[in-house]
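Labels run A, B, C and D following the written order; every chain starts at residue 1.
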Amino acid sequence: LHKPMWSHHDGEPNLWASFRHAWREELAEFLGTFMILLFGAGVECQVTLHYNSTNSGHGAAYGDYLQCRLSWAVGVAMAVWVSGGVSGGHCNPTVTIVLALFRGFPFRKIPSIILAQLAGATCASLCVYLNYTHSISRFEGGDDIRTVIGPHSTAGLFFTFPAPYLPDSSAFYTEFLASAVLVIIVFALADKGNLSPPQGTQPFAMFLALVGIGAALGVNTGYAMNGARDSGPRIALWLVGYGNEAPPALVSTTPSCIPVAILHSIALQS
Amino acid sequence: LHKPMWSHHDGEPNLWASFRHAWREELAEFLGTFMILLFGAGVECQVTLHYNSTNSGHGAAYGDYLQCRLSWAVGVAMAVWVSGGVSGGHCNPTVTIVLALFRGFPFRKIPSIILAQLAGATCASLCVYLNYTHSISRFEGGDDIRTVIGPHSTAGLFFTFPAPYLPDSSAFYTEFLASAVLVIIVFALADKGNLSPPQGTQPFAMFLALVGIGAALGVNTGYAMNGARDSGPRIALWLVGYGNEAPPALVSTTPSCIPVAILHSIALQS
Amino acid sequence: LHKPMWSHHDGEPNLWASFRHAWREELAEFLGTFMILLFGAGVECQVTLHYNSTNSGHGAAYGDYLQCRLSWAVGVAMAVWVSGGVSGGHCNPTVTIVLALFRGFPFRKIPSIILAQLAGATCASLCVYLNYTHSISRFEGGDDIRTVIGPHSTAGLFFTFPAPYLPDSSAFYTEFLASAVLVIIVFALADKGNLSPPQGTQPFAMFLALVGIGAALGVNTGYAMNGARDSGPRIALWLVGYGNEAPPALVSTTPSCIPVAILHSIALQS
Amino acid sequence: LHKPMWSHHDGEPNLWASFRHAWREELAEFLGTFMILLFGAGVECQVTLHYNSTNSGHGAAYGDYLQCRLSWAVGVAMAVWVSGGVSGGHCNPTVTIVLALFRGFPFRKIPSIILAQLAGATCASLCVYLNYTHSISRFEGGDDIRTVIGPHSTAGLFFTFPAPYLPDSSAFYTEFLASAVLVIIVFALADKGNLSPPQGTQPFAMFLALVGIGAALGVNTGYAMNGARDSGPRIALWLVGYGNEAPPALVSTTPSCIPVAILHSIALQS
């Protein structure tokens, strides 16, 4: 299906073409996860950093909570389109691991795919950070102030925090529930024996699913559901000089994939 | 069409596999109705319980009325995708009964299907309740306060109440009108002799239909249109300790399917 | 394509079945235009009549301007699905006349089709009026007060008024522009030589088109673009006791179809 | 594929038909870019000029920031539908140039296509200006006052300005990033070796992409990404009497296509 790129050309394959073919799934996952964070971190920065801006000229803010949910969902839809035909469009370590455990995705590919996802999320976070660095400085109160926690912190625009009133067990439960719903929907949409959307329209369905998950289950923990989406920005912000006070990532996201997968395997796998 | 699951495997069918095949339509209806309530009750809790929260950091609430309509509609779309290919995607006793009366759905399956729908709605309500129990306690004013009626009541986030100024006849009429529109749209979308959406894209159309019904006919009674969607949460909240002061469910929802179905049968059935 | 309904049954065709077959296009246009007004007038009533209601429990209004645009657009999408396969899904006298002039739709059908569209819009307006009669009375200030013009008038929820500051020539121009865009889009979506959406997905495109037209060109005149959509509610409100002070309908809507059609025929018809 | 129009008729081809066939791609690009500006400049005028209007009757403004993003995205979707089957649906000089450089679009067509895009954007801006001229006069403070910069300026409703606090390098970077994302998505959606949407549904995907880009990357520079979309309105406003104080267009938009295209060609072209 995916022939080497150079087979379409007359010339000899060059080094880059060979590299690109060998790592095409990683490149696709990189680009897909890049899309998620670009649209996601981008919209959080746009809306929060300019919310009380008088610059809009007509009293309207630059978006609201719903707009943020829509843009994250657009990011996931674009992620699936740019990577779906090459790598399957996981863009999420949880999905990769579950597919390896229960759908025959090759285990040996897991490390490089997850690294690619992480790198994509990190790069996109850096791109978004660079785009909004002036607004971040204004919001934080200075060009060299970058805080992870506090009233003018901007780290929460890039990665997720559980709500402060939430016990750890509840945060874990929320992530478990959201991830379970996500995995069930991913599997249902891919199930040709069910009412799956036509080939190429799955991203529209993922768009709706993400809008719904963000709208219904987003407030407690930020519906990370995705270790790369949450860890990539942490690396990016650490690189540009933010501190380390954030609660650890992954704790409440990736491990939840195991019970979800087992549950799904028992009850729903077809 | 739907071969037993074990036929794809070499081994003997185990007890669970046999059970799963025999009850696959009920499992699908369970999961579908679960989706409706998860996204629906979830978004109501998220928006209402955190509406004045200062936690959002930028003055924006965690969604608005439109976001609630979108998330309920996402729930219905997901319900049809997870169950449509197995059970037809009713996820609504009204639809099941109408299809049995006018489209040849087997009558003997009605009780178990409706039970499955009810169970799905109940389980999803419990999952959402567990997810937002901290916020509910804060909203109600204490960990052991759970009220059905009153200024800080949270029961209305899960099941529907008619608006207080509305006579019963008007509440019945609203549910009748909304259910009639829903059934007509369901039948039109399934009518291959009409301009039906391509196979697998019907949930997108149901999404739009539910957004419109909630936007145009939602304020009087909460557009239940679905006995399971309304009764499941009542069971769930009763189980976790809410009171019994709510007006009875079903009165204004399920019976309306009969005149709607007769009307449709006379004028529109093809 | 559309065989008589009774040909599927063994029994004799009864009177109703014969009637239904002979008038199936009118029935479809009736039902389609019914959908437009049900979702459209419904959402206007829901949002405006309950905008400052404290009943929502969390300070959120029952929708906003965007929600109104979405619901009108849902109405048009549903109109095309319920009628598209039978009558072509005009649901708009302008579209019917243009198709007769330039696409071979039979002229002799124009009167009955337009009457059906008008009847559908009238019936839907009555259904919506009945649904919100309590809220209308509260908004107007009494059970027997129904005003067309004034601070508590509710006629504008059903039919369109030009903005008070607008000269007639500008109102005509706005309706001309919006109708021209609508007709061009309808023709482009139906043009198999262009990038038309797959069969059955045109209503999704019409949904987007109507959202855009309402969002971009709605404020001056209410983007009627449709004599039936505007005249039906006038008949309905006159029947239930509103006055006659409204500026005449149609003046700024239907006649604009002729120059639009000529323009399109010259420049774009393929 | 696209036979001359007159071949479907018996008569001789007239002058207009010959002209229309020879320039059909330019006509399509004209109409497509017309759609973008009609929906885009239209919604900016509707929302901003009437934001504090008391005319809406229920305290709701005539839309918000999200509505503007949706309508621009609708414009792009409609642009692709009206032109996609004839000219490929560029409606953007950047896309035309990139496709000529890397996808074999004929270079000799570039000038006439870009002129057509520019003319479409100019004409649509004039149509929108004429539609809202009363509201613009009220907003500016008089019938003969038209300002490009200042508290009551209305030029920003038609073409884009970088945010005042933004250095030129940042404005260039934002446009580069947004254009890069747009081009990557356009190429991914058209890549039959990837998970491309079914023929005729690409405009739905472009709709989502534009909603996301506007939501996530819109605040800094107005996400022009399109020299015609930005320059056409400048010509239109100059024609109707606005001043020349605006910062030059194109500087931050069109040139960014070259590095984007090179980057894409190296890493992603298939």
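Simple rule for what comes next: a residue touches a chain if its C-beta (ideal position, glycine included) is under 8 Å from a C-beta of that chain, and two chains touch if they have at least 3 such contacts.
Please read all numbers here as calculations on a predicted model, not as lab measurements.
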Practice problem: Between subunit B and subunit C, two touching copies, which fits better, same or different residues at the interface, with half of the numbers shared as the threshold? | Solution: different
Practice problem: Note the rotational component of the Cα superposition from subunit B to subunit D, reported as an angle of 0 to 180 degrees in steps of 5. | Solution: 180
Exercise. Compute the centre of every chain as the mean of its C-alpha atoms, then state which one is farthest from the centre of subunit C.
Key: A
Quiz item: Between subunit A and subunit C, what is the separation of their C-alpha centroids in Å?
Solution: 41
Quiz item: Can you give the whole-Å distance between the Cα centres of subunit A and subunit B?
Solution: 29
Self-check item: Overlap residues in subunit B, where contacts from two or more other chains coincide
Solution: 61, 64, 66, 198, 201, 204
Quiz item: Line, ring, star, complete or other: which one describes how these chains touch?
Solution: ring
Quiz item: Which two-chain combinations qualify as touching?
Solution: A-B, A-D, B-C, C-D
Self-check item: Residues of subunit B touching subunit C in the complex
Solution: 47-48, 51-52, 61, 64-66, 69, 156, 163-167, 170, 173-174, 177, 181, 184-185, 188-189, 191, 193-198, 201, 204-205, 208-209, 211-213, 215-220, 266-268, 270
Quiz item: If you look only at subunit B, which of its residues touch subunit A in the complex?
Solution: 2, 5, 16, 20, 27, 31, 35, 38-43, 45-46, 50, 55-64, 66-68, 70-71, 74-75, 77-78, 80-86, 89, 127-128, 130-135, 138, 198-204, 207
